Structure formats: C-alpha cells, structure tokens
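This report refers to the structure that appears directly beneath it.
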Amino acid sequence: MRVGVLTGGGDCPGLNAVIRAVVRKGVGEYGYEFLGFRDGWKGPLENVTCELGIPQVRGILPRGGTILGSSRTNPFKVEGGVERIKENLASNGVDALVAIGGEDTLGVATKLSELDVKVVGVPKTIDNDLGATDFTFGFDTAVNIATEAIDRLHTTAESHHRIVVVEVMGRHAGWIALHSGLAGGANVILIPEVPFDIEKIVEHVESRFRTNYSPIIVVAEGATPKEGTYALHNEELDSFGHVRLGGVGDMIAQELEKRTGKEARAVVLGHTQRGGTPTAFDRWLATRFGLHAIEAVHDGDFGQMVALRGTDIVRAPLAEATRELKVVTPELYAEAGVLFG
Amino acid sequence: MRVGVLTGGGDCPGLNAVIRAVVRKGVGEYGYEFLGFRDGWKGPLENVTCELGIPQVRGILPRGGTILGSSRTNPFKVEGGVERIKENLASNGVDALVAIGGEDTLGVATKLSELDVKVVGVPKTIDNDLGATDFTFGFDTAVNIATEAIDRLHTTAESHHRIVVVEVMGRHAGWIALHSGLAGGANVILIPEVPFDIEKIVEHVESRFRTNYSPIIVVAEGATPKEGTYALHNEELDSFGHVRLGGVGDMIAQELEKRTGKEARAVVLGHTQRGGTPTAFDRWLATRFGLHAIEAVHDGDFGQMVALRGTDIVRAPLAEATRELKVVTPELYAEAGVLFG
Amino acid sequence: MRVGVLTGGGDCPGLNAVIRAVVRKGVGEYGYEFLGFRDGWKGPLENVTCELGIPQVRGILPRGGTILGSSRTNPFKVEGGVERIKENLASNGVDALVAIGGEDTLGVATKLSELDVKVVGVPKTIDNDLGATDFTFGFDTAVNIATEAIDRLHTTAESHHRIVVVEVMGRHAGWIALHSGLAGGANVILIPEVPFDIEKIVEHVESRFRTNYSPIIVVAEGATPKEGTYALHNEELDSFGHVRLGGVGDMIAQELEKRTGKEARAVVLGHTQRGGTPTAFDRWLATRFGLHAIEAVHDGDFGQMVALRGTDIVRAPLAEATRELKVVTPELYAEAGVLFG
Amino acid sequence: MRVGVLTGGGDCPGLNAVIRAVVRKGVGEYGYEFLGFRDGWKGPLENVTCELGIPQVRGILPRGGTILGSSRTNPFKVEGGVERIKENLASNGVDALVAIGGEDTLGVATKLSELDVKVVGVPKTIDNDLGATDFTFGFDTAVNIATEAIDRLHTTAESHHRIVVVEVMGRHAGWIALHSGLAGGANVILIPEVPFDIEKIVEHVESRFRTNYSPIIVVAEGATPKEGTYALHNEELDSFGHVRLGGVGDMIAQELEKRTGKEARAVVLGHTQRGGTPTAFDRWLATRFGLHAIEAVHDGDFGQMVALRGTDIVRAPLAEATRELKVVTPELYAEAGVLFG
C-alpha cells in the first residue's frame, strides 16, 4: 500500500505532528510506503512530490508550519484537474490519500471522494470553526500566543492609562477572541457573530477608567459594527475584500481616542498567531488525528475525516463534516460578558 | 446571600481563576456577598476567614497558586469538626459554600452536603484522574511544562549520546506522562497503570542507539516495575510510602546505565509542574467552572459539582463524581506506543 | 532621610524591579523612608503621591509596567513648574529623588539637579540608545519577544513561500532590529542609521527564493528609504509625524509584493514588545541599577546616574550621560550583514 | 583554506549558533571550506568527520545542543594522541581548527597550539566561570530557565506555606544561583564560594514565616556547609565525587524541615537548564563569537580565543584565558544579600 499525504490552506501549528504520526504508524504498524505531495492539491495536480518516510519525519513534531508546503490550489477550478490528479496518483502508484486541511481542502477531498479517489481527511482550522469536531489543532497555540500578548499589554495599559485594542484572528468566528479574551482578562471582547455598538464600548471604557483601571479590548479581525452605529473606512478594503491597512482594531482605537479623549493603541497580532512550535495540547491532538487517520486508511474507511468528541477521536463523513461553520453561540458570548468590567 | 469559598489539597494553576469567576459573577449578576475561608477546610473549621470581593480578585487571573491558601485538613477526622463548621458558617452568615478541590476536599464536601451543608464543588486535580470530567484545570499547564522540558532534554541527549529519564507527576494515573510524552516525542512512556519490564526498556534503548539517536524516557512518579523484573530500593521509601531520594526516575537511570553501558541522567520535574501562570486552556476551563459553580448556587442546586463534557460545562452529583479514579486505558497506552522508536 | 521615587516616559520591563531594589535596600540598609510620586514628573509637579515601602514592593519584581504610573509631563514647559516641584518636595519632607526614565525624564533631572534638587538618575530606554551605558533594562525583553516572533514567522513563511516583514521598535536607533534580526536569523535587517535601497532588498529576496527559502525581513519602525529609491506614502503620517496606518513594514511588504510578484505579509509587533514580565537579564540589571542608585543617594553623590560597563555598575554625571544617542555603527551593521542570505 | 570545527565538553545553548556563524562567514566572505569533527577532540583523534557547509547549518540557529556532538575526550591522555591529531588534520587537508569548548577543550587547544597546530578558540561554559570574558553563551539561557522555575515555585510555596529549595547548576562558581536568585526574588542564595551556615538559614526562614511569606532558597549544586555547622551525607557521593541521590538541595530541605517543623520541598533543575533553544542574548553572543573566531583564522591570529568585553568582541591568548576561574566576589554576594527577606 502506498499512501500520499498533502497539507492545504493556511499553515497551522500541528501540521507536522499529523504528518509524523501518519507516517510512523503507517510504516511501523502497517508496513505502508508514503509519498509526499507538495503545496496542497497543487502537488497531485502538477505531480510535484517529495520523499516521505521515517527519516523525513524525524524531529518535526515540535516544528510549526508544514514540511510539505501549502497552497490554496483548487483542482476543480482547473480544466481537467480531476483527471490529472487521478493520473498522477496512478502513475505514482498511490492507492490512498491523507488530506490535511480546512474547509477548502476538505471540500476538494469530499468531491474527489465522490469521484472514487480514496481519501481520508484530517480537519485543520486555526479558527476552530469546524462543526464536526470539538477542537482543531493550532487553535490552542493561537489562543496561548494571543493570551500572552494580552498579559503583556495589561501592564503597559495600566502604566500609561491607555486603552489597548488587540486584534486577533477570526474572519467568520470569534473563538480565538473569546478564548484569549477570557484567558487574558479582557474588558471587552468583540466577535464577528455579534455586531458591536461603539457607544456601548465607549461607556464601558469610561466606567473602567472611573475605577482607575485601563481597558483592554480584544477584537476578532472579522468583527463589524452594528449598522448605523459606526462606519468602517470601506475604501481601505484590499483585493480580498478585507480591511488591510488599518483593520478593525485600528479603526476602533481611533474612534475611542476621538470619543473618550484617552490615548488608545491598537496591536494587530497577525501571523505570529499561526507560526512556531505547537502547544502540548495541539501536538497531542494533531498526533492522535494522524494515528486515527491512517487507521481509517487501513480499515478502508474512505470519505471520512477524523474528529475530536470529548476525549475520543471519532470518524465523520467528509460531506457532513464541512457542511456547517461552528460559531460562538449567544449563550457562550453572554457567559463571557459577565466577567467584563 | 453570602457565599463562602475555599480551596483545598495540592495547589494547581487555575485556582485563582475559579475564585475570580465565582466572585465576579456572584457580585455582578446576583448581588451576592462573599467570604474567603483560609487554607481549605481548616478555614471553616477554625474560623479563619478573609475578605473576598471584587478588589481581592483583581489581577489574580494569570497568577498560579491560590490567594486563599490550602491545606489537607479533614474536618471528619477532628472531634466535633462538622459541628464547628456548621457553627462557623452560621456565625459568619454564610448560606452556601463553593469548595474547590480534589478527591479529599470534595469527599468532605460530599459528606457535609449529606449533612445539610449547602455546597457546590469545583473539581481540581493536576493529575486529571477524576472520572466525572473530561479534563481538570492545571493539567494542561503541567503537561506544557513537562513537554517544554522534554523538548530541551532532546538536544542535550543527542549531543552527548545519553539516555535521559524524565520523571513527571502522576501517583496513580499516567495522564501527565502520556500527554507530555506524546507531545514531547518521548521514546518510552511508563505509567502507573502498566507495570514496566526493565528488559524491554533496555532493548528499546539499544535499538534507538543503533539508529544513532538518543532515547528519552518519560516516567510517571507512580510507575512500578513488573513483579520479578527489577527491584526498586524499597528501603528508600519515605514516611508516605513514596520513594523519596532517588525516585523511580533515578532508579531507572541507574539501572539502564548499568545494563547498557551508556550514560543515563534522570531529571525530576517536581513542583515546577504545578506552580506559575496557567495556560490559556486552564484559565478558560477554570473560569468557566467558576461561572457555572456560582450559577449552581444561584439555582439552589447543591450537592453538585461542575464538570467538562466535550465543550460543555455540566453538573454532576458530588457523590458520584468522586467515586472513581480515571486511569489511562490499555487502548490509549497502546495508541501512544505505536509512536515509540 | 526621605526619598521620593518616580518613573517617566514609555513603560519598560524592569521599572518595578528598580523601584523594589531602591526601596528594599533603602529601608533595610539605610533606614530610609520613601514616597512614591505618580506618573513621572507630573507627580512632584501636581503633588500626586502614593505610599511606597516594603509592602508596596512585594511581588512586583516579575511584573511589567510600573506601579508608580508614567507620563511625559515636562515641568520646564509649565509656568512655575520648577518652583512647584521644589515646594512639593519640601512640603512632603522629601530630601532626595530617584528619577527613573529616558532622555526626557533624565533631561529634566539634569536641569533640576543644576537648580539644587538632589536627584540620582536611573537610565531607562527600551531602545538601548543611551550612550553612557552598555545596556539598559527592557531591551533584552524586547529583543526576546521580537526573536520569538521571528522564530514563529519563519515556519509560516516557509510553508507558504511568502516574504514576511517584521516591524520592530526603534525610532532613532536600530538596536532591537539588529539584535532580534541576528538572533532570529533574519535575511535582511533595516535600521534607521542606514537608509535602505529597495532595489537591493528585491535582489536579495529573489536570490533567497531561488534557493527555495522564504525571506524574513526585520525593519526598525524608524527605518527610511534612501533618497530617490522609493517614496513612503507621506500623506499617511500621523500628528506626531510618524507613519501611522501602514508603517514602514507595511509599505515595504506592499512594494516587495508589487516588484517580486510574491506574496508578502507585514507583522507589526508594536506594544507587545514593551509589556509583560522582564527577562532574567533585565531583572538583574534593573535590580542592580536600583541598588546602586540608592547607594549614590546615601553617598550624597547627586547629579549622577548609574550605568552598566562590562559587568560593573558605575556612576556617570547626568549631564554627560544624556548628551549623545548611541546608534548602531557601520561596523556592527556590516558584521551582521555577513550572515544574510 | 580548509577549516575544521569541533565542540567539546558539556552541551550548551548557542553551540549551533557559533558553528553557523563560523561557516556562513567563512564560506560567504572568505571562500573557505569546512570539515566537521564529531564529538570534541575524539573527532580529530579518531578521524571521525562529517560534512559541514551552508546546507548543514541551515535552521540550526534556534536549536539547542550541537550538531557536531560532544565528548570529554582528551588527546593528551591517549598514547600518541597529538601525532594522530596532526596526521588526521593533514590527511583531511585541514589547515586550521576552530575549537568551541570550556576549560578542558580549550586547555587541549592551548597545548596543541604550542605544538604548532593552528587553533582559534571559542569559550563555552554554561556556568559563566571563565575569567577572560564578561559572559559566555548558554549562561543567559540557563539563568532564564532557572528564573522561570523560581517564579513558578513562589506561588506553590505561598499556597502551601512551604519552604522551597531550588538546586541549580554551578559546581565551582555561583553565577547561575546568584543571577537566577536575584531575578527570581529568592530569599536566600547559597553559592560554592561562600560556605553556608545552616543556623542562619533557619533564622532567615523563620523570620520569613513570621511575616506570613514562604521562603524560596536557591542553592548552587556545589555549595557546601561551613565546617562544623552541618554534615552532608558523604556516603552518598557518586563515582565522580558528587552528591548523587539527594544533592545539596535535598539535604538542606530535609534539614530545614527537621529544624523548623515546616514542610520543605527540594526541586533539582538539572539538565533542563542546559538544553533547548537559546535566548536572544545567547544567540547574539554565540553568533558574534563565531564571526570573530573565523576572522581570527583569516587574520592568521592563532592561539587566541574570542571574548566579550562590554559590548565588544576581543581576542585573548588561549593560554591566559583559561588560567583562572571567575568566581562570585564577596562584594557581589553582599550586594544581593541586601535584598533577602
């Protein structure tokens, strides 16, 4: 049996841990051979491969990024893409694929699976917004990095009696903002799921200063103002439609400075949240995902992805798994709100 | 309503986060007053109290330890202990208690609850060995500290072609060893649940050296040899029956040095695993435990403790919750074993 | 003897360590009393004071920021400012001052000293750009935070074949960029002392990609392009004359994207570099600065500041000490350049 | 020109940074070739070599340990050792050596240099006890690891009203104990240079408990009791003459428990202090050492080692450099003592 492995989409701490677990168990327990495909679906599409075996996965467990490289290539948007993938798999003698990636990468996996390509998926989203699994790897690392930054910013806010706005990742779901805001003791948390009212933030900030404490506001990059309360400078959207220079964090800082007369500073954590060595939790989760993915290959249980439920790793149909975005519920958001002040 | 709060047993990162959440939600949402009891059950037994309100919980979220102090006092082993507790609660006008602690502390809570003291419990065990909940706070911090130590020891083992034995916490359950060993890429993991065979470790160590890599062995402090395979120096047990000077880690290092002719070093992580600032996961879990515990008080749902199931916080009867130790299953242990080598 | 203490200017990890050392040695060895002045020179100017003794300095050693608060108030720009300071010192029975701060704060100290106010200075600049001392506290912490960020960004750059531009602190001197760039293995380091040539960066980036590695560029916030080579978008300077939204990091990233056709991302580390717990080096240096500052007070050696030379703490006249900015020399910059590629 | 590189003695964070800098500058600026010798002087003695060039030094900057391996082999204790080294250098076409190591490794370098082997030395001692240089790399990393451990242990000591004894590295000099003790806010620091009086420690511990704080004692592994005050259990010395099971930390903890009636716990940090990724300071220092060492080779300035003086890298004759151990002076020890309590 020869198994191909690829990683697609944004990088995420833990990708290498998955690859290592897949290969170690595959070789050690099942006697499989492996082939690495470079840069996501681009690899099988353009037949860009690399050696993948025990020597290649040595020492990669604590390393961020992915030794296989990544891309956002979608073979369904390429003329004859599916055929080329099938041909390249065949010509390399690859019997099955382990595809590690997010919504897009697994979406391709789902469709290929329906076209008789033997695929097992491993879910990856640093934003933790995938419905089928309790947590995804990378998320815990991102939350810890953001929390450490918030810890640091508390002391600087206090010393200067300043408002500090911390912008964290989260285009469509506020999980990183919610968890890091809770863990860092933020005074306001803003998430994409609940449009914010700048007036209420102003009130909150002012009440905080009245008790002689400086406010920390954590905002997900995808948070937006309530209609009519406040206009983001839309002319500054970049070609992907995202606010580029001066994201939502900068905008809020400027608005608060104007409205409260207090100094405000925005810090945009950006890509530091997704690089570097994974936390123990993420290494544990990624490793177990890898072990169970190759077991699914061995069971011939294709068209499935692995998922965490409680402390168990289970399988879920790929088609079902990517169907829905997991967002922060009003209940969870209200639960956190109790702590503000 | 006046609510007493106490923390008992070994300290654990996240205790302060629980206290803070209980108080902030209790004051902010329900208008409760709080009273701190010092040093676990010793506080209500000997009427040692301290102020507890919003000012006392400011800034404690990232701090390890417990602002309330701790002890292992058991009022049921003290003549008239229960009556004194009831009197002291009454004289302080305390209507309900939030007791944060492990098996012993919650065991007392369970019995007091049956004697009509209004208690809600919050489970705490750094060893993660409580059956009623998926995880307990403090565990993730301990695992991260151990993992970081293992990461560091890998490079020193390689440079010197040495065996390194890392002894981590875990008297009765091997969770910390299993998780940190997996996350740190250990080559052997030894846990209390499965007596070890020194011969097999020797074989493993030698095969590792044959491929020019140096082995890292992670061992839980409570791990023991298989009968007949190897004798621990029992004369060195301390008054609690634990190996004191030269724990199991030292013993294994010496034995391996003798049997393989390779240098071996033991590192005992000890109390560094349970101190200091909690990880984001532990702060999140501890905070949510606190919020839900005071909600249970508000609901009048006494005799219960809070627990994590998946990503939900639920309630479980105290009596049931402390009934069983959660240990590493043979399946989980075998799953990890696949990675060794 | 009653000694006043104040901290001025931007906050910096280690300020609390200085305050603690001053107070502990002052109380314990000399029997002094202390008074805290709030928010830099604003404190003695407006007579805003706080208690300062052993209880106030307990536990502050590892904490970032300053328990005394800070500001940029300059009493020489306030009508009758100097007289008010003298009156307030007298009315509080304060015999001598320990002033902890940077160029501005110590500039005021220098002038006050010439007007017979008894002051000892402790130098503070996170940018490490003060000529009189080998290092200042806070710098090592900032460099470590930046280095850790660069470490993290390497893996994400490699996985996505992207250019990553990291903007670090340093308005006038490139020390943080130089040290963190060296420590993080950056491929290009840009500092305010040497205007950059965008063409050369483009060449460098392209040669890096030719060997299949992704480039990391570290740029100090004060770096500027060589005249004629590249125009910064000057219309985006803020009221202080600094590039605000889209600093030099963003500009370089955009320019490189345009010129090389490769994806580029900028990460602006911002205030995370100056908050939070100090490194061991900074705690050691700040503590020794504090011990030696109060010794200077005891010796009656006013108008002096403490400084590090090699591993010794020495004294230097305040007037001399703040005279010159310490910048990166061409030799040091060339030394680092050898490593690029 | 062909240059050999070797690393000897105990491993130390920063060794790889030296190797990388030597090779990058040697190849990039001087066009040299390199050869790696494995495991210290064992390499040239037994002709065990490895490839060493730009590809081998990629990505090693942040990695602890040494890619060349290490040993304590001394060719002067081997019959015909020097001749064999000369022959092996000649047969490999190696014109000059860069030897990175401590007292022993550089002692061999000194003697070989007098026998016309062209050597440049780079000093390495995690204990920072080499007289010729202000600091050695690895030391800052060790101090930070110890300080972080002390930070963690403070909270556990407070919560349990316990004495915590932290044993750190330092056989002959107390630098790590002094710096980490200062940075961690220890209440007592014990170093090899000043034999300790157990009675005074007891007094100190008791006074600390009277003010309701728990004491932290930092002790260097080489610290010894004042004659007559307290007997270490000498029967427990290992074959190297070091206290093995139950080092000085354990002994002090037991003695304090006995004499004060308070619980005491010892934590032995051990090898975690010398592994893992170097701090930014150590990477900077090691990198600069490497750059200057290969420059000395290029200048034909053999028999020298590089050293840090203030912020400059200078050269010092090997013979002189290793002559004297740098120990903590009574003045520095007294300076720190002021903070205790």
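Order of writing sets the chain letters: A, B, C and D. Residues in each chain are counted from 1.
Basically, contacts are C-beta pairs under 8 Å (C-beta built on N, C-alpha and C of every residue); 3 or more make two chains touch, one makes a residue touch a chain.
Just so you know, these numbers come straight off a predicted model, no measurement behind them.
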Would you identify the chain whose Cα-based centre sits farthest away from the centre of subunit C?
B
Centre-of-Cα separation between subunit D and subunit A, whole angstrom:
40
Rounded Å distance, subunit C centre to subunit D centre (Cα mean)
30
Taking the mean of the C-alpha atoms as each chain's centre, how many Å separate subunit B from subunit D?
34
Touching two or more other chains in subunit A are residues 151, 277
Tell me, which pairs of chains are in touch?
A-B, A-C, B-D, C-D
Given the complex, residues on subunit C that touch subunit A span 7, 10-11, 15, 39, 63-66, 69-71, 145, 148-149, 151-156, 158-161, 164, 245-246, 250, 265-272, 274-277
Quick check: in the complex, which residue numbers of subunit D touch subunit C?
21, 24-25, 28-29, 58, 61-62, 134-135, 140, 143-144, 146-147, 151, 179-180, 182-185, 213, 277, 279-281, 283-284, 287-288, 291, 309-311, 335, 338-339, 341
